[in-house]
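Pasting the structures here.
Same chain, two partners: chain A is paired with chain B first, then with chain C.
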Partner chain A sequence: MARMKFLCDAERCIECNGCVTACKNEHEVPWGVNRRRVVTINDGVPGERSMSVACMHCSDAPCIAVCPTNVIYQTEEGVVLHDKDGCIGCGYCFYACPFGAPQFPNGPAAFGARGKMDKCTFCAGGPEENGSQAEFDKYGRNRLAEGKLPLCAEMCSTKALLAGDATELSDIFRERVLRRGKGVEAWGWMTAYGKDKEEAK
Partner chain B sequence: MSTILTRRGGLGLLLALAVWLLALGSAPVMAQAEPAAAQVERQQTQPLNNAPVWREVRSGESHFTTVRGPETGVLIQNEGNTWRQWRNGPISFYGGILLLVVPTAIGLFFAVKGAIKLHGAPTGRKMQRFSRFERFVHWGTAGSFVVLGITGVCILFGKHFIEPIFGNAVLGGLLWAGKTVHNYLGPVFGVFTLLMILTFLRDNVWQAIDSVWIRKAGGIASGEHVPSGRFNFGEKTWFWIGVTFLGLLVAISGLVMDFPNFGQTRADMQLANIVHGVGAILLIALSLGHIYMGTIGVEGAYQSMRTGYVDETWAKEHHQFWHDEVKAGRSRP
Partner chain C sequence: MKTRIRYMLAASLAASLLAGCGEQPQVAKYEDGKYSGKADTRPWEAGAFKGDKGAWEQAMRNRVRGQNEYKRVE
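And now, the complex of A and B:
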């Protein structure tokens, strides 16, 4: 069984926000909720790096550990999903998550009336029947059940964002790292925007 | 830094909390420009080495993003893990034990010693102990407190005792209602607590005669009736530590979580949640003692708060100085 993972290559991300848009469109995510976001470090300064972040589908997920109604669970493929029917909107998953993945349709509302938590599903829907309208309304498209990978990664123009089986992703990334800075650079920020190799020396 | 605190037990967690609190205070001071310069320099000397960038990723600083929302610019916040360890660790474990031990101890005490009964015969003459307003404030606080206590305990411990018995769907439905009630009733409790403090403040100021009560430990063990003013030292302790300190602590920390719309960060709300949990568990434990004494523990105590009147014998035996003062016309009933 595969262990599903996201991987974002900071050498390749160009902050196009295509993943954010693809996700919002595919799942018809509620207004105000962004299951994925791109954060740029040192924006506008030489050496800036961007990375796309969403739910990282942790093995020891803090959200699962703190949920008072026990509605967050992990599938056999390592995808962290939740049952919105039992969500009370307490916000504890939002406190616990290091990545800010859990979001709430009402935002930080008075009296803690946040509404039901929404987060990245790795395009794997929820507990409802696969591909059903109820599943789509609550969690968005279930692409995994259709044999497809998450749309954010599929749409990524530079293939900075990868999604899929962890071992596959590791192999791809290892390959990239080995090729980078080895004379014939295949990809990388320095190739695209950096100084000429001769100049850099 | 606070990630080192995985599962190390109490001391490690304490240390981590200290580090965390320090980090909360000092985090925004770090300059933005410096790491950028470090990255530029690193790129020249070691192309493809992004170590300065990754340090920033772990820093918890807010960076640029087009997505709007609470703390969307932060890539990784470490404090959540500390909060999780505290909440799921010592607060759940020791708090749970405390909430089981205290009622058991009270039950055993009642089984062995029984209620404190009147020694003399009731005179049949009543004197007023609580005004209508005082009773309104008391029962308003008490009612909201009991509902908040039960719903709060269910939010913290529900998945350990409700789910195994009734299943996940019942837990979800119950907690949905419970959380809604808790969030709307919380501010009401806060207002009642303030009223309670103002109403009963004057008669809870410590007096010289309280030393007698302390010396005899309230006569709880001996069954002896220790003279006291309108409130004895035990009641005063409950007023100051329970109602005033813990009551305000729980109310204020609750408001921090109840109104996230004022721009609190996750770290603020995690700290509020820890304070709220510890404070509430201690308050519930103390309140069990107060409820015991006010109902089955002392004969006539419940009637005094329900009707506002007590028998003169009761007043003389439990609050002799207050009785004498009322009789002498020096104190209002």
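And now, the complex of A and C:
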């Protein structure tokens, strides 16, 4: 079976924050929580790079290892989900996650205001009946059960953010890299400005 | 009496000195937790796919391939 992953192509991401907005809107994410964020390195400097980051649905997820109530689990497809009913809001997962994926509503406050942890679900809902109102209220829409991929990736205008089976994503990325070349030939600077980075400074 | 005390002192001193030789591994043993939340239904089990895993996998494959614009423009 597929192993679901996100892949963000830093050569293509234009920091439009469309993925962030799509996620917020699709799941009616609580105030103070961003399941997905765009991180920019060297912002404003020629050659800056942006990367859309959410839960990476780790194969060996540290959040699962540290959860004292054992309510975080991994589905057959490799999606890391949690049961909000059993969450005690301790925040261990927040400290364990290297990507800051688990977040707590009603923030910002010292150590967060806690409450039930919220995180990216890979648009796979949670442990409630697929497509039910209870599932939507707690976890957001279950697009996977509708045969669709996460909205953040599907609506990405430059297709920088890809989602789906890891092997298929690798094939897409490999083909992309082979076609565009590397360095200044890569999709990005040369395509946008038509001259070398050094000349443009 | 004095000899006995001396022997006891020597024995306790030897025991405390040798205590370091019986070092036990002190690495914490991690025990895997077992998921204790509610059981989840799999994506193909309810809704549009009605338990047809093959159809769901095909739908997902089509969606993933739809992300490859090189294939889309062919």
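Assume the second predicted complex is superposed on the first by the 179 of 201 C-alpha atoms of A that agree within 3 Å, B and C clash if a C-alpha of one lies under 4 Å from a C-alpha of the other, contacts with A are read in each partner's own complex, and residues count from 1 in each chain.
Heads up, the rule we're going with is that contacts are C-beta pairs under 8 Å (C-beta built on N, C-alpha and C of every residue); 3 or more make two chains touch, one makes a residue touch a chain.
Fair warning: this is a prediction, and the values are worked out from it, not measured in the lab.
Contacts of A:Gly86 after superposition on the shared chain: both chain B and chain C are touched.
Between chain B and chain C, more residues of chain A are touched by B. Of the two partner chains placed by the overlay, only chain C lies in contact with A:Gly164; chain B stays clear of it. Judged by the touch definition given at the top, the superposed model places A:Pro62 against chain B, while chain C stays out of reach. Once chain A of one complex is fitted onto chain A of the other, the partner contacts of A:Met51 are limited to chain B, with no touch recorded for chain C. In the superposed pair of complexes, A:Val71 makes contact with chain B and with chain C alike. Using the contact criterion defined above for the overlaid structures, shared-chain residue A:Arg37 touches chain B, although it does not reach chain C. Chain A uses residues 65, 67, 69-71, 83, 85-86 to touch chain B in one structure and chain C in the other.
Residues 32-33, 35-36, 39-40, 42-44, 47-48, 50, 52-53, 56-57, 63-67, 69-78, 80-81, 83-84, 87-88, 155-156, 158-159, 163, 168-169, 171-173, 175-176, 178-180, 183-184, 257-261, 263-264, 266, 269-270, 273 of chain B touch chain A in their complex.
Put simply, chain A touches chain C in their complex at residues 1-2, 64-65, 67, 69-73, 75-77, 81-83, 85-86, 124, 126-131, 142, 144-149, 153-154, 159, 162-165, 168-169, 172, 175-176, 179. Across the interface of their complex, chain A is touched by residues 30, 33-49, 56-57, 59-61, 63-65, 67-70 of chain C.
Interface residues of chain A, counted against chain B in their complex, comprise 10-11, 17, 20, 32, 34, 37-49, 51, 53, 62, 65-71, 83, 85-92, 94-100, 103, 107-114, 180-181, 188-190, 194, 200.
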